[in-house]
Each structure stands twice: as structure tokens, then as C-alpha cells.
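Some structures are shown below for you to check.
Same chain, two partners: chain A is paired with chain B first, then with chain C.
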Partner chain A sequence: MGLIQRIIDWIDERAHVRELYKSLMIDYKVPKNLTFPYVFGVFALVTFVIQIVSGMVLLLYYKPSIADAFDSATYTIMGEIPFGWLFRHIHATGANFFMAIIYLHMFTGIYYNAYKKPRELVWIVGWLIYLVLILTALSGYLLPWGQLSYWGFIVTTEIPGSLADAPIFKDFFKAIAETIVLWMKGGYVVTDITLGRVFGSHVLIYPLLLLALVGVHLYLVRAAGISNPDGIEYDKKKHPDKFVPFHPYMTLKEGAYTMWYLAIFFFFVFFHISHFLPPDNFEPANPLKTPAHIAPEWYLLAFYEVFRSIPSKFWGFVAFSALLLFLLILPVLDWSPLKSARRRPLFFVAFLAFMYGSMALTILGSMEPTPLNAKLGMIFGAVVFGFFLSLPIISFIEYGWYKAKGGKEQ
Partner chain B sequence: MTPWGVIKTIIFGGSTLVFFFILWFYNPFKHVEHYEVDEEVKEIIENPWKKVDEKSGKTIADEGRELFIQRCAGCHSLRYDGIYVAPVQADPRWKKVEQAAGRPVYRFGVLYKDRFFVPRDVYEAFAHEVLESFKSSFGQVPPDLSTIYLARGEGYLYRFILNPNEILPGTSMPPVFAGPSAKEETAKVVAYLKSVNTPPPQEQTKRAIMGVAVILYFVIFGALFWRYREVVLRRLGYH
Partner chain C sequence: MEASRRDFISLGIGLLGAAGGVAALYPLVRAMLEPSKIAALGAVVEVDISNLQPMQVRVTSWKGKTTFVIRLPEDFKADDYKLKEGALNSKGTTNYEILKGHPVFALVGICTHLGCIPLWKPQGEEASGGKPTFHCPCHGGYYTPYGDVIAGPPPRPLFIPPQKLEGNKLIIGEKGFVQELI
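Let's turn to the complex of A and B:
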């Protein structure tokens, strides 16, 4: 018996790790027919780890003060510190990939209706993760203290301020708007104090929240079981042939996919960073010089386009928030117990409209604001709203068909 | 996979790829100004580290730095390479500030003992009166040019330095290079600005080799994982 074996035995006698490993990895069964998009959850987890590790390295050299922030990011980290550039590239790529993977993960969840009973809590916690992730991205965006960082932050913090344009109860909404803006900025102007707050939230508060929420999310997925692309909840005891052990069946498959995902990731890190560290942000923040076109990063462009294509700022803000809220209450909107777009032709069509609608909004958001752009933004905004608002009706019709065909209660 | 499954894979996979291609590679809907460097001086900006004099080992970037100190440093600082506006540089007290508050410039593995990087607030406090006088005569403080190459790109800088008013009407920046060698000198200054912000060729090669190695590692290990999985699954009787 080798020394390593004896050490493991020694630990096992005291911590019972083998039992834990067996129950978590081998006795845990997952559906055999999971499709490729189910891997996005693992990608998100891997990217999260990458972000934490690369963020820790950047944290060693970054200085959160207005005088030093830009230089510490652009001079110290990019030039003075060996491999500092690598960690900044990884962190910037990771931020973009994280949002992209989270969107793909969300769209997968919507497509397979993974938000329905018994997985409503998984969806709600996932929605919270998405919100905290947006906050993390926004706060991290300010830290390099470039022109884009500064003006992007100003514009974002001004968005809740549009509540002040309310048609009724003006004073009431104005008070709320001012409070939110003040609370986000940490003062009436952006100063060292603001940067300190944003820095603290980005490196400590939001990551801790994310860690906790991701832990809960993973627990809930295991507790409720992974959804099935077929949309049918198979019983693990009655249909053992439909399930496979998590390890080695899933772990090796997802391991291989993760390796290939990382290959793509590092292609961007080494050879294609210009879209993640945009040129405009290499100009130090200048509060006296507003750039011509300020737009948020790509992952918020769809919301931004909805916001700016509506002529009234107040209603723009309401629409913007409504979209986020619709995502949260998806399990309520789509009320029928029928699951998975595979079995739901109407939902499949609506999903396509929703997907292309959000893509079109994102691309429109990256263009200059023209009257035509605003008109198209309104149309595609209506498509996306239409998806959410038609869900109760689609549910009703499809459930009717299902019953008429003699489908059983689920 | 069923034919319908193949169609769905193409629809979803294809539109996702096209979408991210537009976002992360090339967005045909977004208008971007494009500036070109003149053909005859392109070569100068191409490789700022090229030696012009074998004996002294002087490079194009070194020549550009001298030109920068002569023609640009009257108003512009370049703190990442230890250049500060002329009135400050001429102040005998500045040497002491550099020693006390700054550190020697160290960039891409090369130490420049005679150039000092001084934190922005220290420099701006020391140069306060000079910068204020610039502000009153030009309308704004001429910006520090440490990262201007990354922000604007070589085409814009070349055109702008050659003829500021054509690119930015109403700017208080005068055309500083005139005469027959104007294009060449402008190109040398741009090459210098590039050399401050871009890693030198051997460092770039090192990074490229590292990148290829990392990518190959993941591609190969992914394939090995996949192969190993098939063996394991066959042994367990899943295939």
C-alpha cells in the first residue's frame, strides 16, 4: 500500500470523503439525453473561477484612487508587472465570455422551460445571479478609469434618474429617482469616494454574493434534478435506463467541451483582445470632455435600445425594468405544466421571435441613434414584449391541445 | 440526430455564431472613421525598433523620442516614458521630485534608469502653474500622450499631427512639422508613440508562441478527454 493511499485512508477515516464523493458524483444520476446547450452551466462555472483567480492577481496591483487608477491599470499592470497584461486580458475576456455564457444559459433554460415546476427556485436564484452579475460588470467597467469607463458609468447611473420624468406624482418619483442616483454614485459628482465604493463592491461584496448565490443555485439544481430536453419528468426508479451516473458519463463529456471552450477563450486572450479592451478606454477619464457616442457594453445594449427608442424617458425606464421583471416571473407567465419547446410548436415559434428580437435590439443598440433606428427599436421591442405577454395565451392553447389529445395531468 | 434536429442545430448554432461574430469581430452596421498612413512612410511606423545606425544601436523610436522632446514636449507630457512639459523639465527642483516620488521607467522587461515615472497627482501639483497657463492660452491642458497611440491608432495620429485642423477643425494644436521632411518626421513621432505602448517584436513573438501553446494544449487535451470517455463508457457498457 503506497503512502498516498495511506494518507487518503487516514483522511477518509476522519472525513468520510469517499462516501461523499460516491453520493455526489456516482450515485447522482442525470438524464442520458442531455443536449449540447446543457454544458453552458459548466462553462459559466469555469469562467467564474477564471474571473476570481485573474481578479485576485489584478487586485494586487490596482490602485482605487482617481489619480492612480488609470496608470495602475495601463502602466503598472500592462507594462511593469511581468504577465500583468496576460491577467488583464484574461479578466477582460472572462467578463465578456461570462455574460455571453450566462445569456446562452438563460436562453437554454427558456427553450427547455427549465423554470417550471419543480425548478422555479432554480430560475429565481439564477435571475438574482444575473442581476448581481450585471452590477459586477458595471462596477468593474469603471475601475480602469478610461473615458468609456467614466461616461459609461455616468450614463448608467443617470438611467434611474429618468423616473423624474413621470407624468403623475412628479415629486414622488423625483425623490425616488434622486435617491437611487445618489445611492449609486455615492455623491452628486463622481469622486474618489465613488471609485472606492465601486471598487469595494466589485472586488468583495458582489463576488461574495455571487459565490453564495451560485452555491444555492447548484444545490437547487441537484435537489430538483436536471430538466429533460424531452420535457418529461422520468422517474429515476421506474426508468433507470433513461439515467446515467454523473461521473464518468457527464464529467468526461463536459471536461472535453470545457477544454475546447478554453481553447476559444484563450484565442481571444492572446490574439483578439481589441473588442474587450476597446481603444477609447485607453484615454484617461476626462469629466470635461463628453465623447460623441456613449453606449453601454454589448450585454446591456438590448435593454438600452428599448430604453432609448421610446420617446418618453419615464416609459423607457418602465419598459426596461418590465423586461427584467418579466424574466423573473416567467414561471407565472408560462403557467401550463407542458415543458420543452420540443413538444410545444407555438412556443417554439415564439421563442424564435424572442431570440431574434433580442439579437436585433442588441445590434440596433450598437448603431447611431437615428429616427429609423428608433422605429426599428420600437418594433423589435414590441416583439420581445409580445413574447412575454403571449406566453399565458400560448400556454392556454397548447394545454388545450394536449388535453384534447388525451394527455394526462402532469 | 433526426433531420429536424440538424435543422434546429443549424438555426440556433448558426445564428449564435453570426451574432457573436458581429459583436466581437466585425460589425458592418457600426460606422467607424478610417485614416490611412501615407504609403511612403508606412515602413517607418511598421517597425519602430528597427536600427537606423548599426554603430550606436539607435532605433527609429529613439529618433522619434528626440523629435518628440524637441517639438512636442513644449506642451505635451508623456509620463509613461519619463517626458514632462519643458518648463517643468527645466526646473532644477523637478529632478529631486522625480527621485523622491517617482520610479525609473520599466517597460516590457527593459529598465530605463534616466527616465522617471511620476504619479499623476504629484506631477500635476508640481506643474500646476504651467498647466494653468497652458489652459488659459489654449483653452484646455494639452493632454498627456502616454496612451494616445492605443486610443487613436496610427492613421489618426499621423493625419492629425501632419494637419491638425483638417482632422479636428478649431483645434488649438498647430502643425509642428513642415517642409520636405514633414511626413517622415511625423511618421517617426508616431513610431515612437507606438513603441511606448506596444511590446517589442521579440516580446510579441514570445506572446504569440505562448498563445499557440496554450490553445494547442486545450485542443489536444479536449480530444484526449473525449477519447478516454469513449473507452470508459465502453467498459461500463453504455455504448
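Let's turn to the complex of A and C:
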């Protein structure tokens, strides 16, 4: 004990770690009434670490060339490297869990209105993280070079090509569409150079961006303070009874939940990996033959369904870009002074419609494109759009209530 | 009382966490440092000897090492080689004592002096008294067909890998009439 104490003292004299620890862990206060959904942020962070560590192992043995990619992923990593299969299972499961957790995290943020003043920047940086995460997922999906990998990539890179169907300025949009598609593919055909580019983005560029953005996101959360499920901003100095120290209260709670999360995570890693490493993808990519059933990964199905249920490809593309954009400008659309669905009955109803609407779109996206499904896709797409477009109206009504109560939050 | 219970919980969580950390580290370290299953792939080599003629040497690779598979005539005599004194294998004997009675066997074809690959001279050389020999061209080591040192700098005979004879197959790397690397 004496020796450890002395080592810590030695470091502390030079780096002031005790001060740092105290200010970051103990003096940092969080609302004591945080609910369960607030743990999704921690889950996302845990998953991010898991992805980086498992990705490092895969990176050691994966070969980014068309001739070697499939074999290095399927034979070398899965068969020859000790525990290589484990890290590929973890990485594939982690990718899906990451997206799932991020969606839950976003739903939580929307439900408790965590994008409102003073947390607009938290939301915007979070949106950027979501965007980079989608790019990371898409680029990683190509790397195993199976049939699904290849055709998934082809279909994805063709989607911006829908701009060419524009009703006006045809030549202009066509040029833009072709340029974007060329940029994404790196040429007219998918070559070694394309694969190398996608590989480099997946293993270095996007992860570095993510690290930086996640760092900023976490800083902003602490700078602005965690939102309160009650939707009331308490002053930490005036209401110390409403807050608890981050450690041990949050760390223990989140640690306990994280253990449950990891248990579920590894249940999938060991027993249900076929959800995340589908058998179809254990067939090498064949540019001359499309697999029978091809759909995007589940986390993009809602966007995909909006895209495909609209008869015009151009408007489909505009619609799903608009959805992404609406998410970004949520703090502007929802300008009501009231916060948290707990205190906003109109918003609560709209939120439920949004949540069930996007779930319905996801389910429809996984089904055959029958005319009925296309019609349902239009309806639920309209529901989701309705959510975003109803926010300014709800805000206007609530502003009236707010004024009637004398402009007070409570 | 309260404090000691908290200490117990902290210690318990700490130990459990450490155990979990070590358990997680184990596959990580093995995957990163020891892609050795690949190396193990070359650890057992099967050589078909049905077409191997007497006095013929076939070169193969066992654990990445050049390995000679040789067939000697049934009546081959090795007693009249003049051996270099004191050059004995790890059993403290000559290779001949271990391999006599086996017309087909494998030797690690790496000169025990400085690692060159000896040449097979079935017609013999002056230094070997005109009898068949392995000759290392680097520094003039001479070995009998059994790998025992006749002349030159090699300090010990050629290594004998573990090997087993199964019908027409010599399996190098499995325990048989030679149990271990000698």
C-alpha cells in the first residue's frame, strides 16, 4: 500500500491527477432523476471501444485487395488466426449493436428534448457522429468481399444516381449524380483502388473523425450539463439537492447496466452470429451475378423504404435526404420553450407517431416490394414527415400556454 | 460496519473486473501475437516414398526447414566411414546407431556449422573415401548418408526430425521410429 501510495503521490505532484479526478468524477454533478434510457450513451461509448479493439485485430490480418480480401476474411481470420473468428464475430455484432444503440440514444434525446438550448451543439455534433457512423458501417460492409458486401456497395453507390431523374434542370442534376457516383466508387468499375480507398476510410479516416467528434460530443455534454427528464433546468448551485456526484452514483448504475448490455452482446456473438454474418456473404463477390434477395442492412431500411415507396427516384432521394436534414435542424423546428415529452402531451403523441412510424418503415423495408407495401410505405413515410413538420405548430401552441402561465417553466 | 461492507463490495467488484479484464485480454493477446496456427500447418509433412529409388534424396520442407528424405540400398554398409571424433547428436550417439535398419528416413538438411544446405554426392568425394556423402559447400563439411560428420567444421551430426513410416508414406513431424528431434 505504501509503495502504491508513493507512486500516486509522485505522479500527482507532477500531473495533478487527483484534482483532475475530483473535478471530472466527483464535483461533476448529474441530475439524480435520470431514467434508464440515459445509459444508451454509455453503451454507445462501450461499443465504440469494442469496435476499435476488435477492429485492430482484424486489421492485422485483413488484406485489402480484390484477390485476397475474401480469403483473408473467410479463411485466414476465421480459420487460421487464434480467436480470429471471435474478433470478427465481435466486430460484426458490434457494428449492428452500435447502430441500434445510437438509434435508441437518438430516440432518447428526442423524447427528452435534449437538443434544445443550451444543448443544440451536442445534438449537431451527435448528428455528425451518426452520419460518419453510417459511412463507417457502409464502408466496413464492403470489406469481407462477399456477394452481399459487393452488391450492397453497388446499390448504395447508385442511390445518389437517382438525382439524374430530376424533373427540371435534367442535365445539371445528371452531371451532379454522375460525379457523386464516380466519387463514391472511385471509377466506373469497382477495382482494387476502390477497395483500398474504402478500406483506408474504414480503418483510419472515419475512426479518427469519430474519435474527435465523440470527444467533442462528450465535452459538450459536460459543458452544457445533462438534460433533465423533468424538462426543468435546475441551477446546480441553487438546487444542490437535485443533483448527485457522477461518481459513484452514475458510474455504479451505468457499470451495472453495462454488464447486462455486454451479456446480451456476447450472447449474440457466441450463439446468434448468423444475424450479423449472413451465410449469403460467405460466397465470394461476383460482379456478374446479383444475389436473389438484396436489401440494405436493417439500420438503413427506414430510409430505403421512404426512397423506394415514392414512385419517382428523384423525389425519393430528396425525401430521404430531407429526413436526414430534418434531424439536423430539429432544434430549429421545435422552438417551443417547453422541454421533455413528460410535460408536452402534444409532442408526446407526435413522438409516438414518429417512433412507431420509423419502426413500421424499417419492417416494410425488409419486405417484398408489393404495391400494397409501397402504399403503406408512403403512409408511414408521411407519418414520419408529419412529425417533423408538426413540431413548429406544436411549438406555436405551446408558446401560447407558456405565455399564459407568465413565461415560467414550471 | 458500513465502511467495511463498502470495502468488501469495492474489493469484490475490483477482483471481478480484473478477472474479466484478464479473460478478455487472453484472446486479444493470442490473436495479436501468435498467428502460429499457420506455422503449425507445416509441422507435419507427409512424403510419398513409393517412387523413391535407392540412393535417391528428395528435398522437402518441415517447419520451414529444408529436409532430406533418403532411401539407401538394403545392403548399405556405413561401418567403414571414418567419422570425426566427438561430433555426436543430442542423444550422445551417432545418427547411424539410431537410424540403422531403416532404409528410408528423413534428416534436417541444414549444415550444423552455419546453416547452409549440404549437397548430395551419391558418387562420393575424396574426403569421404569415395563413398556417398552430403557435402556442405560453404566451409567443407562432409556427412555420411546418415548425417554423421566425416570431416570439416560441423560440431554435430545433422538433426533427425521425429518421423513415422506408414506404408508408402513417411510422416515427418509425428512420433514413430524417431520420437523427437535428435
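Basically, the second predicted complex is superposed on the first by the 403 of 410 C-alpha atoms of A that agree within 3 Å, B and C clash if a C-alpha of one lies under 4 Å from a C-alpha of the other, contacts with A are read in each partner's own complex, and residues count from 1 in each chain.
In the analysis below, a residue touches a chain if its C-beta (ideal position, glycine included) is under 8 Å from a C-beta of that chain, and two chains touch if they have at least 3 such contacts.
None of the values given here were measured: they were computed from a predicted structure.
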{"item": "Touched partner set for A:61, first chain B, second chain C, both or neither", "value": "second"}
{"item": "Partner chain(s) touched by A:87 [first = chain B, second = chain C, both, neither]", "value": "second"}
{"item": "Which superposed partner A:53 touches (first chain B, second chain C, both, neither)", "value": "second"}
{"item": "Residue contacts on chain A - larger count, chain B or chain C", "value": "B"}
{"item": "First (chain B), second (chain C), both or neither touched by A:282", "value": "first"}
{"item": "Chain B/chain C common contact set on chain A", "value": "80, 82"}
{"item": "Chain A - residues contacting chain B, complex", "value": "37, 67-68, 70-71, 74-75, 79-80, 82, 85, 96, 100, 104, 244, 248-249, 252-253, 255-260, 262-263, 266-272, 275, 279-284, 288, 298, 352, 355-356, 359, 362-363, 366-368"}
{"item": "Residue ranges of chain C in contact with chain A within the complex", "value": "27-28, 30-32, 34-38, 41"}
{"item": "In the complex with chain A, residue positions of chain B that touch it", "value": "11-12, 15-16, 19-20, 22-25, 27, 29-31, 79-80, 106-109, 117, 119-121, 140, 143-144, 146-148, 150-153, 199, 207-208, 210-212, 214-215, 218-219, 221-223, 225-226, 228-229, 232-233, 236, 238"}
{"item": "In the complex with chain C, residue positions of chain A that touch it", "value": "53, 56-57, 60-61, 80-84, 86-87"}
